[in-house]
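When the chains are written out, they are named A, B, C and D in that same order, and each has its own residue count from 1.
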Amino acid sequence: MSAAVLEVSDLTLRFGGLTSLDKVSLRHERGEVLAVIGPNGAGKTSLFNCLTGVYTPQEGTVTFHPDGGTDTAVLGRKPFQVNKLGIARTFQNIRLFNALTAVENVKIGIESHQKTGPIGAMLRLPRTRREERASDDEAFRLLEFVGLKARANQVAASLPYGDQRRLEIARALGTKPQLLCLDEPAAGTNPAEKRQLETLIRDISETGVSVLLIEHDMKLVMSVAANVVVLNFGQVIAAGTPQQIQRDPKVVEAYLGGGESDDAATTPPAKKVPPRKTSLKKPED
Amino acid sequence: MGALALTACGSSSGGSSSSSGGGKKTYTIAYQGPLSGDNAQLGINMDNGVKLALAQATGLPFNLKFVDSDDVGDPAQAPAAARKLIDNTGVVAVVGPAFSGATAASEPLFSQAQLISVSPSATRADLTDLGFTSFVRVVTGDTIQGAKMADYVAKGLKAKTAYVVDDKSAYGAGLSKFIKQGLTSGGVTFKSEGLAPTKDYSAIATKVVAAKVDALVYGGYFAELALFAKALKAAGFKGAIVSGDGSKDDQLVKQAGAASEGIYLSCPCGGPTATGDAAAAQFEKDYQAKFNTAAGTYSAEAFDAANLIIAAMKGLGSNITRASVTDAVKKTSGFKGVTHTITFDQHGEGGTGEIFMHQVKGGKITLLGNVADLAK
Amino acid sequence: MCFTQSFWQLTISGLALGSVYALIALGYTLVYGVLQLINFAHSEVFMLGGFGGLFLVRGLGIDNPSGVTSVLLVGGGMLAGALLGAATAFTLERVAYRPLRRRGAPRLAFLISAIGASFFLLNLAGKEFGRFNNPMPPLYTSGKVFSVFGAQVTTNQLVVAASALVMLIALDRIIAKTRLGMGIRSVAQDAEAASLMGVDIDKVITRTFVLGGLLGGAAGFLFGIQFGVQYNMGFSAGTKAFTAAVLGGIGNVRGAVMGGLVLGVAENLGVACVSSAWRDVIAFLILVLVLMLRPTGLLGERLGRSA
Amino acid sequence: MTTVDAVQRGSTWSGVQRWARRDEVRRAACLVALMVTIAVITGPDGSQNSPYSGLRGSLLSRHAIPFYVLAVILAATSLAGGRWTTAATAPVRALRQRTTGIVIPKPVKLVALALLAVLVLYYPTTLAPFWQTVLVDQMGIYVLLAVGLNVVVGFAGLLDLGYIAFFAIGAYTTAYFTDKLPVHPPFTLNPFFVFPIAVGAALLAGVILGGPTLRLRGDYLAIVTLGFGEIVRITAVNSDAITNGPQGAFGIPHFSAFGYHWTLDSLPYYYLLLVVVALVVFFFRRLDDSRVGRAWAAIREDEVAAAATGIPTLKFKLMAFAIGASTSGFAGVIYASKVGFINPDNFPLLLSILVLTMVIFGGMGSIYGVILGAAVLGWLPNYLRDYVPAQDRFIYFGALLIVMMIFRPQGLLPSRRRSRELRLSELGIGGADGTGPIPGSTQ
């Protein structure tokens, strides 16, 4: 049995009287793609936000097992500290640095782990120059990896939607994560882009990075995920391989009987992509 | 304003010059002080005083021009304002700077340029001890005024307790420092407090009333005092209110209305003048006629400062240079101004050292007399 | 304690001042609610409102008014102030804000154009109306009306507080009940969604400015009754009112009122306890402390939620 | 009959309304209003006793005639058809379009740079001492201040309204170490050697202020920094025993270092400032184009995404704040030594606002733009000195700010990133400064 990269146990998150997550537990094996699915409002993004330091849940623990490092509690850390641990994320509504170029976006990710301070930057010390070169090389490598090398110097906002998704993934990979959390990466993409994404997730997984995938698109989940966890009303209702999940009556019930009318298996819900809003807003999960 | 004023004054003072042709030389007397910003009004009072003096100066062996330079009363802008005047080679003397802070920042430049500056209003005590070689002032410094105000409170009003409030301006704080020294030596027990200029003084008025003092002594300008006096009246303050020259302005009466009644106002100005009250009255009248508003605080001092410069220039014949004017002005002795007779001592102090006490009576600021006589 | 003997006196005068702060603060908060912008020039709306009221009262030139005449004078002055304030606010929106919105200017550009408008109006008023403080002609015989806990309440304080209260309640109702209020709330919550739902955002914004201008202008007159009207009266009052708005939670109507009152009282008690010289420091320290503990002000943000 | 009347009136009225909404009618109305405003601004003053006399003298006298004539002509032109104006402005637009894509060849750039260098080095020597003083006191110091504030506002996107506090701290530190305050220093230094101490003090103050407050968002930060600026100033006013209160410190000596003595003369200070600004620009440009600068850009654009990307946002914001503060403190030392006298009046809230205005006017984020903005706005009031009444200078100043923001909200010389942000915001993608779009923008 392989080691876990992330263990979540009994996570409970409440907003006022509303229980968003209710004793959620899951185990993510190192190197595998784990998908979290569930109908709208099931608590997927809340879970995500707990894992990445945006929310602090009332109960439960989240433990990260870095490769070759000591186990670390994730909760109570700020988002940037979580990232430093080796957990990177993307956003459901793409949040790129819109006015910067693609390569700059990726470099920001890479450089967040570098050491150059303002003094070094102003004097361009040898280390600074070394780091600068390294981040340039790495940025182009990552852009090539996600298939955006040709668009390196384009402004992020001007990229097609699918490219923006992949750029966001490249930026997250720039921070050298051991665990990459993708929040509905397929939302709003067309079938061709979806196929590219499928390949990309497999490629990422092959490089040894574990992938935690929140997704609506069942087809994508079934094709890339090794294991699936199903959330409904903030609770884990099922967990297992995609095949097991598909046959689980509770899951079918949740998707079909829970008022969620259409077949979440094929069509992603037509989500309005709201404009960027400030951080203090509660998520419309 | 410079260009406008220049033509205006040029035509009035040069009524004779245009006929006498190019034989006469033209010299410029300048004014430096705030013409914009929050203290603009005080500066404009003085600006007008100088303009009036120049307009009335006829029959001279030279022509006079006027320029002014706005320093906003701000020490940060004062050096540039002073430099502007120094650069103008026609300028042979400056009335100003008006404010103490601006003066401290400008004087090194005037001293270097040997350009005399006669301040009508910078009363900060130490200005004449800072080593400036071309600074004189026609007003008495705060040291004396503060001491005399305290004298008056102790002996004239026979107050046992007082509250000293100042507006935390360079002027007000300086004055109150000397008031406090005087009160201490006069045996008056007092509390003191600074006042952040605002509009609502009800809280501090309540505090002053609660302290049950015989007198409130204020260091600051009329705008704040007017509101403060109103608040004191509303809070039921029964003691005497004593303030200094910065508050002695008809605007005090106008703005505070009935609340200004009975306020004592000390000033190095306003005593019986050497030229008699007629001259002062004439000045008031001329000022009103020319500017369509009554002469304000320091208008008369500025008028005197300009006139004594002109008098000094007249004595020089054809040898009018900055250096010569500086020397001549510093040697001024017994100049009969509308405020008082002006003689500069070796420090450049042109005040008489006499402080006159006034009181608002029936909506008018009336002279009570020399503090030296009142507080015996 | 330092203020035991005059606690109520200080509180009452603090409330009177605070209610004026509150009225001005509403102007900031309303505009902030819909535009998320500090309308820096609102202080000049307040100032011009003061002049509007002053000129009307002066123009009528009634000596020693009393009774009904007094009530009419106060009402008329307030109306004149409010109208001039509203006209100023309307013009401001048209000249200094709308063209920038059309161009999608950065947020700080709005700030600068508002600062420019403030400089412009302030100095123009000084040029046209003189730079002295103008006391308001007496509108009624002022004096003690009644006492509370040994503290006297003056006519001035009563008039100011009562007028402010009436306007605050009116505004609260307008926001809660009217179509305009609904429009304002919807734009405050989500401008994009509101416009998709057929709300004319431009119209709502204009009317918000006008509403804030009405209150600010009337506040100028009320302030003028107590302290006179002067060309530069807006800056410090405006800064305080803005502080009050933030203190209460900017964008929050009731928060602005609460912030204004808290600030007015706190300043007065602070003067009694510490010194008048530290008055503004006290105000700002309270603000900093509140924001440290409650980063979005006493009552939290959001026009949409509060009303 | 009455209903017919009403309908007819209604239709006439709506006709009038429709007419009034037409672009050319609006433009004409604007032009008339503009002319009337100019007539008032340039007209005579009113006074306390006759508040309408200024307006009367401006609008109902001979003074107004040329403005009315001009207003009628302009309005008529505008009503006659927007085509005229379109035609008239066509060449300008064409030129603009042609120049946007042009890449200036390197030799031309070099020649331009050389010319600029000559201008900057030589031209000031030909100026009158007044302008030299303005160049240092009103322009140079502000350029330095603005370049520092640009790091805070332009790079990191933090609205700081208390920036002058650090300037004050620099200046008071200088007064302290030259022994011009009531409290005496352990050792006395020439102001030139106070630089490191003052910069350290300002930096420390920046960190102390920034630590707890930088968590606050946009406008909350603005008001807290505003409060901080006021607290510093009022403390200086009230601490007579330490700062000498409102009287301030007098007689701070001129710089003197490496055998050279600065004097009252402004030019040597100009060259000192030139060197300082050049160094600061050199370093800040590198900073902008580095890991740190990119992190700031990320924070400015989307703080949440920046944090998720591993950027310790608070630390970087604090860094920007401290760098801005120390630049401000540095400028404070130069100012104290140049003028030789400081008191709390030198550091009003208005000055913080003015420097911010310079930054945005020049084009925030763009170092050269900010320099230009500060220079222009420092120069303008002194230029106006000769042409308009002193009291009225800020009417023109205010009008200029409005006009500038209407026609060029991105500033005189916007930075590339910033103008991109602006373009995006015009298209409705995000706000132009990372704080979200202004509702009602560009619809």
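The rule is simple: a residue touches a chain if its C-beta (ideal position, glycine included) is under 8 Å from a C-beta of that chain, and two chains touch if they have at least 3 such contacts.
As the structure is a computational prediction, the values presented were derived from the model and not from experiment.
A.B. asks: Taking contacts as defined above, which has more of them, C-D or B-D?
C.D. replies: Per the contact counts, C-D leads.
A.B. asks: Which chain has its C-alpha centre farthest away from the C-alpha centre of subunit A?
C.D. replies: Looking at centroid distances, B is the chain farthest away.
A.B. asks: Which integer distance in Å separates the CA centroid of subunit C from that of subunit D?
C.D. replies: Result: the chain centres lie 27 Å from each other.
A.B. asks: Hey, how far is the Cα centre of subunit A from the one of subunit B, in Å?
C.D. replies: 73
A.B. asks: How many angstrom between the C-alpha centroids of subunit D and subunit B?
C.D. replies: That pair's centroid distance is 35 Å.
A.B. asks: Go ahead and note the Å separation of the Cα centroids belonging to subunit A and subunit C.
C.D. replies: Centre separation, subunit A to subunit C: 47 Å.
A.B. asks: Considering subunit C alone, which of its residues make contact with at least two other chains?
C.D. replies: Counting only residues that touch two or more other chains, subunit C contributes 123, 126, 131-132, 134, 192, 275, 277-278, 280, 296.
A.B. asks: Would you give the residues of subunit A that are in contact with at least 2 other chains, written as numbers and ranges?
C.D. replies: Those would be 275, 280.
A.B. asks: Which parts of subunit B, given as residue numbers and ranges, touch two or more other chains?
C.D. replies: Expected reply: 36, 40, 44, 168, 194, 196.
A.B. asks: For subunit D, which residues count as touching subunit A in their complex?
C.D. replies: Touching subunit A from subunit D are residues 217, 283-284, 286-287, 290-295, 297-298, 301-313, 319, 323, 417-418, 420-421, 424, 429-430, 435-437.
A.B. asks: Write out the stretch or stretches of subunit B touching subunit C in their complex.
C.D. replies: Against subunit C, subunit B makes touches at 36, 38, 40-41, 44, 165, 168, 193-196, 198-204, 206-207, 209-210, 223, 226-227, 234-235, 251, 254-257.
A.B. asks: Okay, in this complex, where on subunit D does subunit B touch?
C.D. replies: 47-49, 128-130, 132-134, 137-138, 234, 237-238, 240, 245-248, 250-251, 264, 266, 335, 338-343, 345-346, 351, 382, 385-387, 389-394
A.B. asks: Flag every residue of subunit D that touches subunit C in the complex, lowest number first.
C.D. replies: Interface residues on the subunit D side: 40-41, 45-49, 51, 54-55, 153, 159, 212-213, 215-217, 219-220, 222-224, 226-228, 230-231, 234-235, 237-238, 349, 353, 356-357, 360-361, 364, 391-395, 397-402, 404-406, 409-410, 418, 421-422, 425-428, 431-433, 435-443.
A.B. asks: Considering the complex alone, what residue numbers of subunit C touch subunit D?
C.D. replies: 32, 34-38, 51, 55, 95-96, 99-113, 115-124, 126-132, 134, 187, 191-192, 195, 201-202, 205, 239, 242-243, 246, 250, 275, 277-278, 280-281, 283-285, 287-288, 291-292, 295-296
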